Amino acid sequence: MKASLLLLQAGIAVLGAPLVSGFIRKVKNALRMRQGASLGQPYYNIAKYMAKEEVVSEATSWIFRWTPSIVLGSTVAALMFVPVFSFSLSAPGMGDVLTLFFLFSLGRFFLALAGLDTGSAFGGMGSSREMFIASFVEPVAILSVAVVAGHSASPQGGLMACSMGMSFSGMVAAAALFMVVLAETSRIPVDNQETHLELTMIHEAMLLEYSGPSLAMLETAAHTKQLIWFSLLGAILWPWPVGSSAALSDIAAAAAFFVLKIVLCAVIVGLTEVSLAKMRLFRVADFLGLAFLFSVLALVISGLGY
Amino acid sequence: MFFLSQNSRWCFDLLALFFLGVIALVSLPSFLFSAGYLRAQFSRGRSLLATGLTVFFVLSMAAVVASANLIFFLFAWEFMSLVSYFLVVFEHEHEASVKAGMIYLVMTHVGTAFLLAAFLLMHAQAGTWDFEGIRAAAPAFTPALKNILFGLFLVGFGMKAGIVPLHIWLPYAHPQAPAPVSSIMSGAMIKVAIYGLLRFIAGMLGVPPVWWGNVILVAAGISCLVGVIYALMEHDIKKLLAYHSVENIGIILLGIGAGMVFWSWGWGVLAAAAFAAGLYHTVNHAVFKGLLFLCSGSIQVATGTRDIEKLGGLIKRMPQTAASFLVGAMAISALPPLSGFVSEWLIFQVFFVGLRDASSGGKLFFAGMMACLALTSALAAACFVKAFGVAFLAMPRGRAAAEAREASLSMRSAMIFLAALTVALGLGAGLVWKMFCAVAASFLEPPASAWSGLLSGSWDLIRFPGTDACLRTPMIMLALGAGIAAVYLFVRLTARKRVMTAGRTWDCGYYRLDHRTEYTATAFSKPFRIAFSFFLLPYRKTEKIRDSFYHVKEFTYETATTPIFKRYLYDPMVRGLFKLAQYVKGFQMGSIHWYLAYIFVTILILVVIFGRP
Amino acid sequence: MTLFLLTGIMILTYAMLVCQRVPALIQNFRLQSLFLFLVTLDFAFRQKEAGIFVVAGLLLLVKVVLIPSFLNHLVKKIRVDERLGLFLNPLLSLIAALFLTWGASVFCSWFLGTSPTAVFAAFVVSITVVLVGFFIMVFRMKALTQIVGLLVMENGIFLLASAITGGMPFFVEIAIAFDVFVCAIITGIFMYRINKVFTHIEVHRLTDLKG
Amino acid sequence: MLLFWVVIIPVLAVALSAVLPARSRGAANLAAHGAVFVLAAVLACRITSGTGVVVFGGVLRADALSAFFVLLISLVNLAALAYSRPYLREDIRAGALSPGQARGYDVLFNVFAATMLVVPLLDNLGHMWVAVELTTLASAFLVGFYNTKASVEAAWKYVIICSVGITLALLGTVLVYYAVAAQTAVKTLDWSVIMSRASGLNPRLMGVAFLFILVGYGTKAGLAPMHTWLPDAHSQALTPVSALLSGVLLKTSLYAIIRFAMITNKAMGADFTSRLFIFFGLFSVAVAGIFLLAQKDFKRLLAYSSIEHVGIIVFALGVGTPLAVFGSMFHALNHAVTKSLVFFAAGNAVKKYKTHHLHMIHGLVQALPFTAAAALVGLLSLVGMPPFGIFMSKLMILSACFQKGLYAPAALLLFFLAVVFGALMFHLSASIFGNKPKGIEFGKEALSMKLVFVSLILLLVFLGVMMPTPLQALLVSASRLIAGEGL
């Protein structure tokens, strides 16, 4: 029964993820006093891509053809480790937040290779910058999650039990994690999703050569990853003492609270996207250095006991 | 008394057996590989000589690991360095390998001098050359003596392992040796130094003071970062892998250092788990580094060059080599289903426990170490994306890469065996982890009661003490496989007319793209060069040759990074010695009168000093 | 009587430092050996042992007759200019000699403070002769001076042996005298060779082998 | 009677080589020196098993120490002679050497060997002094054999500096004689007699006498401040002769120093001599290490390495425990064998490349593979790599030093040895490996030369891995003589 619930949860998450991106775009356009595309626009894009024919450059190898399924597959597998609806539903004993981060790095590894495989300068540039940003993101992400887990009440607090209780150090760690989320989901200060100016885009540059169903898969993967990051952030910012029983009433309440958290995150991200301008690539290192300082600050605060 | 005939004693306890296993795991496929590799590279006689030397090399390593007597250990240790020197200098036609061999042997000898001093100190105190006798006498050593011994062992074995300030020889020696030999050197010889550290510091000197663990952790952290940053800048594949050996030795020592700290705080179970994590990464590194060096060997045979900037598109012409290199690259970048991920996950758990339970100062220290490990693994992933992407993917950059042929059967089978072993070590993590906990427990003797909890559970479960975190790699593999299959099937069904037409990479409509627009290794590592410029001190020279003001005929771009340790630490020392030698040489100026005066002055001084009533 | 002879040897030693030309140096060495022979004769009479007479006779034969004539023969054959090539001019050499004598007397006072004056004087004189021999080798340019300096040092030691201990065992004396003679012959041959190869015998210009 | 034959056979060899024609002269020499080596071995066995002292006619006396040195000298004589046969034949065929000169060489070689063999056997210190002086004079002509500018200069410096040193040693001997005569009214220079009465001697006089002995015989032994003649003499002499000079001549004067040190130790306790030995030992190793770094001449490099090894032996004597003395004797043997091996290889290389310069000698492996192998083995053994003897003797010396608690000197020695290792590897690895220059073509060595190389290498490895019991017994009794019981 648990396994079927997990699959259901994963299915809902994957289907719901593009909605979140659509919602963020809606928020941004609203702030810019524009009408903008409808909420379902990402779904239309994906449907369009699915119908299209796929053009594959002959310079590429099997890596280019298999990367979309690997990236989406790893993101879906990562869904197992995140308390999407209720805490009880995460995979029993399969691993913890660390495994989640490393699954993301598996996806990123193959996406970067695919970028290089095409042989065009833009793909190479995108991969190089993606790996550059990832190498500064990883210490901050792991440290902030570790601080929160370390601070949580239970002595047995594995890296998984990161939603035990509200604490000030948790807030500071969440701030650091928020910066990481901006970097990971290629939001404005780090990377601009909507631009198609090849020299500036990072995540998009790797997808440049993809078309048709492969592009659809990669788009869904991006949306799902964004959902996972939002849920992780939400779990730390507003930890809801969720009962671990699998009763339907508990799950429903948890689901409603989860949607509320995701909407809040989306609004915050939309606000930051509108208010900030994209940074030069090498300023991102200082940006993430600041995030690292926040996580160390959180560690000090949790050391003091708050 | 002193001689080998009276002093060859053997001991095969768990630690020795573990390291013998590591040596066997690396050297058997290397022998298989070297059959094909040597025939392709050298004449009949020389390949026979190389194989013979390699057999001697492996036997001497096994002798080092299995010896139970100080003299026998020293004998085998120096013999190992000597034979590996001959292997490094094997292709002595190239001036670089002779220079590398010289640097290697001199630094190893200096390291052995430290070991010799430590052994003699122990012999002077304990009165015997045997390990048991010394272990029995060890508690009686004064703390000051133990500290001196620790320092000597750390420098002696650190020199051989390649801990940062002493790692200079590694990027010189490994690339010059034939590929199967450098895989054994990187895979097994460095581990013998780790064995030495474990056997003497952990095994003999008893419960360590805290600062020992901290020193090892700091050295390991620096080794990690320096190793991976320099690896990022390299575009000679074997030098890149050699720098990665420095980095992975750092990771192993992170586990061992944390274990020493926990041991000094009295957390027996956690210390054993940390040591086990270090040992686990030792095996993983031995296997996937051996694999990567073998792949670099097959690339060298196929294309004749080691510079990845001249390769490209090899995946189409050498599929098996590319696949095994990819497996190795994924393992070293700690990507989930494979072995590298499991051992780094364990070391992260070690640091997480340290971060959570340590006192305030300890928290920050372990947080720093955790961040350093995370940065290292991310940079390693970036480095191997570069190495694999530039060497194997896209279009070939030169005629040598375009006409590369797949390696012979023996070479391929060796590579595939090691790749399969990497995957097996990843999936069978539960079983392997329990074995290494037993090995760690063999020389740490943690309290048995809490220990049983760790070894219970189903075969595939890794449970880390002190937290409820647990890891089931087969389940992760299952989830990944299911996810990818589900997604692939879903897309194949929904997108009915899934038509794949072959086209050209998008060239902004100008002209047909060729290999010149591809991203090179230097370009790929440029952001890192700028971000870490405070450490790399990059040198950059651009030159424009212009036809007229507007038309640039030619643009040359030259960049290099300064090897800090070599230029500001070792070169001044060596230059100083030679300058002193030139100056002192002046005293032998050739005139006999001065020589007689030297004698007269000597006897005068002696008589005045000693003759006075 | 011995005191008279010792002063004679001391004066000759100082004379050796002053001379400028090679034949004068050899002549000086010949006289010093003669005085040494007389001292040994005096000891022989006092101790009435046959051995010492034979030793004295041998000394006369080797050091007074054979070696100097061989050296003179060599000098005539080499036909090189007879200046000694001094590093230190005679005045400075003399001052140095006085300083050496003072050093020898301090050295002897450390050991023989209480013994009778004759033995003490002999000790001081012999050590001075050794030091002057050394001085000549270090501060003269010609190869021949180094041979003569060596022989003077041996004279000093022979005087020391016969003065403070009444002479070494008989066979040892014979062997040493024979050895000194062979050493003089061989160094003479080498000097001749240097002259043939280098056409000069300035030893301070022989500095090809450096470092 | 045994001693008489050990001394007489080389003298007969001198006479024979003066008379016999070229062909049979080689065989006669080999037979003579082979016989001497066998006799030395028999002497050693008789001493270790028997009473410990063998005397002949009041003049010759052999105890364990002198038996060991006679064995060492005869071994290296045999090796040098075996090597000089093919070495000279090549020179004669190439015309660089006339048959007359070859005969002269044989005579001088045998005189030199005879004088060296006599030194350890003479009981009287005066006679010993004369014998050491004769070795200098005998080897002077061998150093100056080729009539070139450099060899004449080297020979002159060798003769003069060593004679001055020996004269100082004579002064020391006279002072010892005076001390014995003044204290015990017995006018003798016989070492055994002095040794029995040594405890009563005036300590301060004996101290000063020992200073003169140490500086005097130290000049001959190549200790640091007085070593200046050694690089010139060894680099200019014929290769077999420089092997003899390095391997054995330095040790004969060391033997003389040991004899006097035994008397001084008995007179005023071991502390005085050990401090001196340790200082001179370390200073020699330091000076050799620094000079090695700046060398450009192949043979001078090996000469400085001899100074270093003499320094190690003297340092070990300074440490003074029975194990250290055992180690120093063993090191003397190892060094003699290794140094002759390396000098032979160097001789071949220098003759092949017709230059002493290390920069011009590279790619020896391609030009003369067998010589390169011998040079490599010799080099690795010189710097103390495991399978060879010097590693074991170095280990003994250092462990004795640590046991006695001399940590600072041991650390200094280890540092200087590392500098020496770096210097030797820096110079020789570049010349052994690499590509050979165009003008040099692939060459083969004579079979007998290969035989010499192989036997020396086997002996080295044999000494490095295990110690034959008769040799161990000899060394133990020798160390018991010097440093008393304890091993």
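The first chain written gets the first letter, and so on, giving A, B, C and D; residue counts start at 1 in each chain.
Basically, a contact is a pair of C-beta atoms (placed from the backbone, for glycine too) under 8 Å apart; a residue touches a chain by one contact, two chains touch by 3 or more.
This structure is a prediction, so every number in the text was calculated from the model and none was measured.
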| item | value |
| --- | --- |
| By count of C-beta pairs in contact, the leading pair of chains | A-B |
| Whole-Å gap between the CA centroids of chain C and chain D | 31 |
| Computed distance of Cα centres, chain D from chain A, in Å | 78 |
| Inter-chain centre distance, chain B versus chain D - centres from mean C-alpha coordinates, in Å | 45 |
| Shared-contact residues (touching 2 or more other chains) in chain C | 110, 134, 137, 146, 203, 206, 208-209, 211 |
| Where chain A touches two or more other chains, by residue | none |
| Residue numbers of chain B (touch at least two other chains) | 585, 588, 592, 596, 607, 611, 613 |
| Every chain pair in contact, whichever chains are involved | A-B, B-C, B-D, C-D |
| Chain D-touching residues of chain C, taken from the complex the two chains share | 110-111, 130, 134, 137, 143, 146, 150, 153-154, 157, 160-161, 164-166, 168-169, 171-172, 175-176, 178-179, 182-183, 186-187, 190-191, 193-194, 197-198, 203, 206, 208-209, 211 |
| Contacting residues of chain C [partner chain B, same complex] | 87, 107, 110, 134, 137-139, 146, 203-204, 206-211 |
| For the chain B and chain A complex, residues of the former touching the latter | 313, 315-316, 322, 326, 330, 333-336, 341, 345, 348-349, 351-352, 355-356, 360, 363-364, 367, 370-372, 374-375, 377-379, 381-382, 385-386, 388-390, 392-395, 461, 467-472, 475-476, 479-488, 491, 494-495, 497-507, 513, 515, 517-519, 523-528, 530-531 |
| Interfacial residue positions of chain D with respect to chain B in the complex | 156-157, 160-161, 164-165, 168, 204, 207-208, 211-212, 214-215, 219, 225-226, 228-229, 231, 272, 276, 287, 290-294, 365, 380, 383, 385-387, 391-392, 395-396, 398-399, 401-403, 405, 410-411, 414-415, 417-419, 421-422, 425-426, 429-430, 433-435, 465-467 |
| Chain B residues touching chain C - in the complex, by the definition given at the top | 585, 588-593, 596-597, 600, 607, 611-613 |
